[in-house]
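Here the chain labels run A, B, C and D in written order, and each chain numbers its own residues starting at 1.
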Amino acid sequence: MARYILVRVLDSIPTILLVLTLVFLAMRILPGDPALAVLGDNAHPETIARFREQFGLNDPLWLQYLNFLRDVFTFDFGNSLVKNAPVATLIANNLPYTLELTLAAMVIGITFGIPLGVMAAVRRNKWQDNGFRVFSLVGYAVPDFYLGAVLLLTFSLSLGWFPINGAGTDFASRMHHIVLPALTLAMLKMAFIGRLTRTSLLEVLGRDYVRTARAKGASERRVVYRHGLRNALLPLSTGLGLSILSTLSGSVAVELVFNRPGIGRLLIEAITERDYPVIQAGVVVFASVVVIVNLLMDLVYVAVDPRIRVQ
Amino acid sequence: MNQPIIQAENVGKIFPGGGGGLWRPAPPDVRAVDGVSFEMTRGETLAVVGESGCGKSTLGRLLLRLIEPSSGRVLIEGTDITTLSGAEMRQMRRKVQMVFQDPYGSLSPRRTIAQLIAEPLQVFGLVKNRRQMRERVAELLTQVGLPPSVMDRNPRQFSGGQRQRIGIARALSVDPSFIVADEPVSALDVSIQAQIINLMQDLQQEKQFSFLFIAHDLAVVRHIAHRVAVMYLGQVMEIGTKRQIYEVPQHPYTQALLSAAPEARLDRPYRRIVLKGDVPSPTAVPEGCSFHTRCPLAQGICRVERPPLAQVAPGQMAACHFAAPNSLGVAAAGPSLDKSNSPRARA
Amino acid sequence: MATIEQDFAPPEPGLSQRLRRVFFGRTATVIATITVALFIFVAAFAPWLAPYDPMAQSFISINKPPSWEHWLGTDQFGRDVLSRMIWGSRNSLIFGFLSPVLAALIGGTLGVLSGYFGGILDRIVTRLVDMLLSFPELLLAILVAAALGGGFWNVVAVLTVAFTPGFARVARATTLSVKQEPYIESAIAAGVRTPVIILRHVVPNIMAPIVVLMTLWAASSIRLEATLSFLGIGTQPPAPSWGNIIREGLANIFATSWPIIAGGLAITIVVLAISIIGDQVRDELDPEIN
Amino acid sequence: MSAPLLNVQGLCVEFGPKAAPIRVINDVNLRVDPGEAVGIVGESGSGKSITSLSILRLVPEPPSRIAAGSITFEGRDLLAMPKSQLRHMRGRDIAMIFQEPMSSLNPVMTVEAQIGEAIMLHERMSRAERRARVIQLLRLVGIPDPESRLKAYPHQFSGGMRQRVMIAIAVACNPKLLIADEPTTALDVTIQAQVLDLMKDVREKLNTAILLISHDLGVIAEVCERVLVMYAGHVVEDADIRSLFENPKHPYTRGLLRAVPSLTDERSRLYQIPGSVPQAGSIKQGCPFYARCDLRQNICAQTMPAMSRHSSSHQAACWVTQNLSEVRSA
């Protein structure tokens, strides 16, 4: 098993390199001249020349690529063009808020999503199941930024129960600030995780080994939890990885709605302000999180599935 | 002397374990078929029998070059098909056809019966227009015992046995000289099996194609085969005429297979011996004789030296150091072909 | 030969019958079908249906609540929200249908070719697809948008890139399983040429999951376009889209909440309706995938 | 005659909506005495598997349901008792093994946990006692070196070995009846012989009654003393093995016996039953074998014949042979 983990970790190195290369290519080649993209089409030729010099855009491509990789591994992207701070500092200041929000949303989503899915599967075609299916359909249809806006309108503006913007300073106020954004994201997670649990559990409950368990005389409870859920959670762990990442990407919009600091908002603002170094860093951060989360989820899968664990 | 229609010369197939990664060891190769040689003449039926993983289906596909052989040659009417180009091989397919195991999967689901049966005809330009095509399809359907009126239906509307008839009609459409049938009745109900076996037997006698019949069950091929080859882990263990294989089997594995088959009768034709252990994986074929891990007769030499497939009687070959008629004593009285056997012991 | 009494199963339902079952099978689907048809109608006839020019600003009537003149009120520039909603439906629906179709064409072709032929092409496609699929569509869209910027064709490209890997994976997987089917081997054994095999025996048999995915992703695509527009990297103002109506509404949230409510409801209703139809299509065509 | 261990009377099972049900099992009667081995033989759609699943009420409900009949085990009505009570009989009094040894074991539980669970659910014993019992069971079913295989997972076993593990689970509580639904169909012929031997061996050691379901009369002949022949949801013949082979009374059984290829017969052609196996529930009136029967008469199309007794241990449901034997005995 240790060997498998090692192999899997080593295997993700080419993936990271591939992702980084694609990011590099996308940013340097696809949109044409980054200088024009940043400075606008009407920029003064002298300004453009200075910009190209500053960012090494006159170097040959392979040198730019190596410099880019060096920047990534030393995590040194220079200074923001708009905000007067090093990019690394901006990232370091914003990342915790995003992680905190993602974590809170995932915790709520999992603690409610899995039991909801189990209930729907066990009570298949009963009112609980139908109710859940309506909930998951609607939950899938409502855009998270809209849900966030509605919660903001209702609970912050009208009722005044929660703050309107920011993320708070001390622990209590941070918890107070995080409630609505986390709930917004968690609703979707509940629908998604619940739906995944339901399908997966229904499929597992139709398997032959579940019939074997029933034939042994296991109670329905034992059949569902000991034999059903444990196998149903295997495919779920893959879905969970995607779910974490989609929460992360959903947090971008939610941070904007609730005017919260965070890495997503940082990136979006950078895109609209054409803050080139921050865009580059933000993209790299998001891409690395994706690779890392997928790696972790793979390892979780290995840990729970003996068919891979035990050779 | 009759020129053989099919010659297999030392045919082998190793499926690479594949996969593997930058840091991962590649999984072991699968030795599916290993040095198989035989000949078949016009109008002859050879049955290939063996348990799962013995390579019998792979062998059938190698003969039609649906799988590229790793070694050896396959000659069809004297032409080595392993060296043909893609276009030449396609032309060769007019002479060689296949009937498949799974009657549910082997008919393309979104086509009509007429389209399916006529597909080979159209590929080789054997029908000129639609009317001619429908006439030929009607004729073929009648030959396999289906009413021509069904030709515009969809395969889904047919039962397993009916679909197998359609598959046979499709294979017959180009009048091939060689047909491979891969377990054509194993997916069918018992009462339908007999229909299909009889149908194939009748058609073979009428059209005189050479027929390779692959099965896992020695009883099924009893009626249709002229000769039988028994395979184990990619190798032919024994090959001989029907009479030789059923009456004087020389390889212990053949004898064990005969004795293990459950028979729907009260008296047992062969004394029952039960082999120990599992069939080894084709990824790890034992050294020496591949059967030695389960063979009741295995000696020291069997573990180190692989016995060649050698003649043990005229027309009969066996790959065993200790090949002898009835060496396991399963047919102590000789298999009773005239139903006068002692009542079998009851558990 | 002995005559055999044949008992054949009844014919299968035809295409029109199945379509009817998809769209009119259950009450929920009927309502969803009508809803989607209604939105398509509105988008198609936007110039005739919209009471005002969606871009026309009017400083004398800003932030008005709903009234007889302005059914959904006006925004901070005095533009008629209803007219903006009607015109905005064009953007949403065009993206909703265009991107999945493009993605299905590109991804489907890649998937079929790599699944059928395998080899180096397959290795490259699989590696790329696996990598791209490890990104949620929204994140991928944001990252591509970060490189490309907004604008109509850029958004189309962004959405297409986001959906293509999914189609490629499904097309590849179903092609692989279809390729395992004996009828493909049967066609090869009959001497049929490879391009004919792919077009005649592979493609028709992988269409079901592709169509299912297309309907389900039409919904995702609309939601995704709205999100990108909301983030300011989709449809660029002043051109209206449901997403940027909400974006501008949020900036003006203290004055009026009507644009937010209207925009969000429109997105929710259309996405919900298409999802319901998509679920029905899936149940009808392909009960295997969930 | 001793009291029956299992007695199924007039069992009917339906599929589909209640308004337009498809009856897949029709008026099945089945009796198994203590220690007896009974086989059910039939082709696809004959209802043999559904019959066996109905006994422990394991038919998936919905879409199917037991519509009529009674199933008594040692005099207790299994259909009438609440599921919670039935649960205590599953595995302890009546155990079951299935066709697919590959999928019938839980992939994420060790062999010890799965066999141990069968014991734990019905018997109180300490962990150490349970482990000892698991080892003893593994040894009983012929798993070599059982101590080292306790922590193994199902995917580490071959098909034949998994079926042995399934049998170990089934006999963990010394059940009085073992129901085996096509236990060897997925196995190769040499492995099938091993598993059949094991079943006979277990029966001898534990005196368990066996109900063996198979499409293969040869398999049933290996193990059973009595056979029920099912066709399209009906039991058409019920006889002791010898009488069935020597003197089959139902035209379907006769056809089947002649159609099965044999290792030794020298016939140039096999006997063939014409037509197709009917789909479950497709025949609503008369004898289900009517369309394929070479002895059919007008009455057969109208009314399903009742079982008629040909000897103390032989009954068949056929209008024609029933009359023939009446003529003969008269």
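Here, a residue touches a chain if its C-beta (ideal position, glycine included) is under 8 Å from a C-beta of that chain, and two chains touch if they have at least 3 such contacts.
This one's a predicted model, so the numbers in the text were calculated from it and none came from an experiment.
**Q** Would you mind checking the shortest number of contact hops between chain A and chain D?
**A** 1
**Q** Specify the chain most distant from chain B by Cα centroid.
**A** A
**Q** Looking at A-C and B-C, which one has the bigger number of contacting C-beta pairs?
**A** Of A-C and B-C, it is A-C that has more C-beta pairs in contact.
**Q** Using mean CA coordinates as chain centres, what's the chain C-chain D distance in Å?
**A** Centre-to-centre distance between chain C and chain D: 51 Å.
**Q** So the centre of each chain is just the mean of its C-alpha atoms; given that, what is the distance between chain A and chain C in Å?
**A** One centre to the other, that is 22 Å.
**Q** Mind checking the centre-to-centre distance between chain B and chain C? Centres are C-alpha means, answer in whole Å.
**A** Once rounded, the distance between the two centres reads 49 Å.
**Q** Distance from the CA centroid of chain B to that of chain D, rounded to the nearest Å?
**A** 31
**Q** Mind pulling the residue numbers of chain B that touch at least two other chains?
**A** 162, 195
**Q** Please set out, as single numbers or ranges, the residues of chain C touching at least two other chains.
**A** Those would be 2-4, 6, 9.
**Q** Which residues of chain A touch chain D in the complex?
**A** Counting only chain A, the residues touching chain D are 206-209, 211-220, 227, 230-231, 234, 304-307, 310.
**Q** Give every residue of chain B touching chain C within the complex, in rising order.
**A** Those residues of chain B that touch chain C are 61, 64, 66, 90-91, 93-94, 96-98, 100-102, 105-111, 119-120, 123-124, 145-147, 150, 153-154, 156-158, 162, 167, 170, 174, 195, 199, 202.
**Q** Which residues, counting only chain A, touch chain C once they are in their complex?
**A** Listed in rising order, the residues are 15, 18-19, 23, 26-27, 30-31, 37, 137-138, 140-147, 149-150, 152-153, 157, 199, 203, 241-242, 245-246, 248-250, 252-253, 256-257, 267-268, 270-272, 279, 282-283, 286-287, 290-291, 294.
**Q** Once bound in the complex, which stretches of chain C touch chain A?
**A** For chain C paired with chain A, touching residues are 127, 131, 134-136, 138-139, 142-149, 219, 223, 226-227, 230-233, 246, 249-250, 253-254, 257, 260-261, 263-264, 267-269, 271-272, 275-276, 279, 290.
**Q** Show which residues of chain D lie in contact with chain A when the two form their complex.
**A** That would be residues 56, 58, 60, 83-84, 87-92, 95-96, 98, 100, 103-110, 117-118, 121-122, 152-153, 155-156, 166, 169 of chain D.
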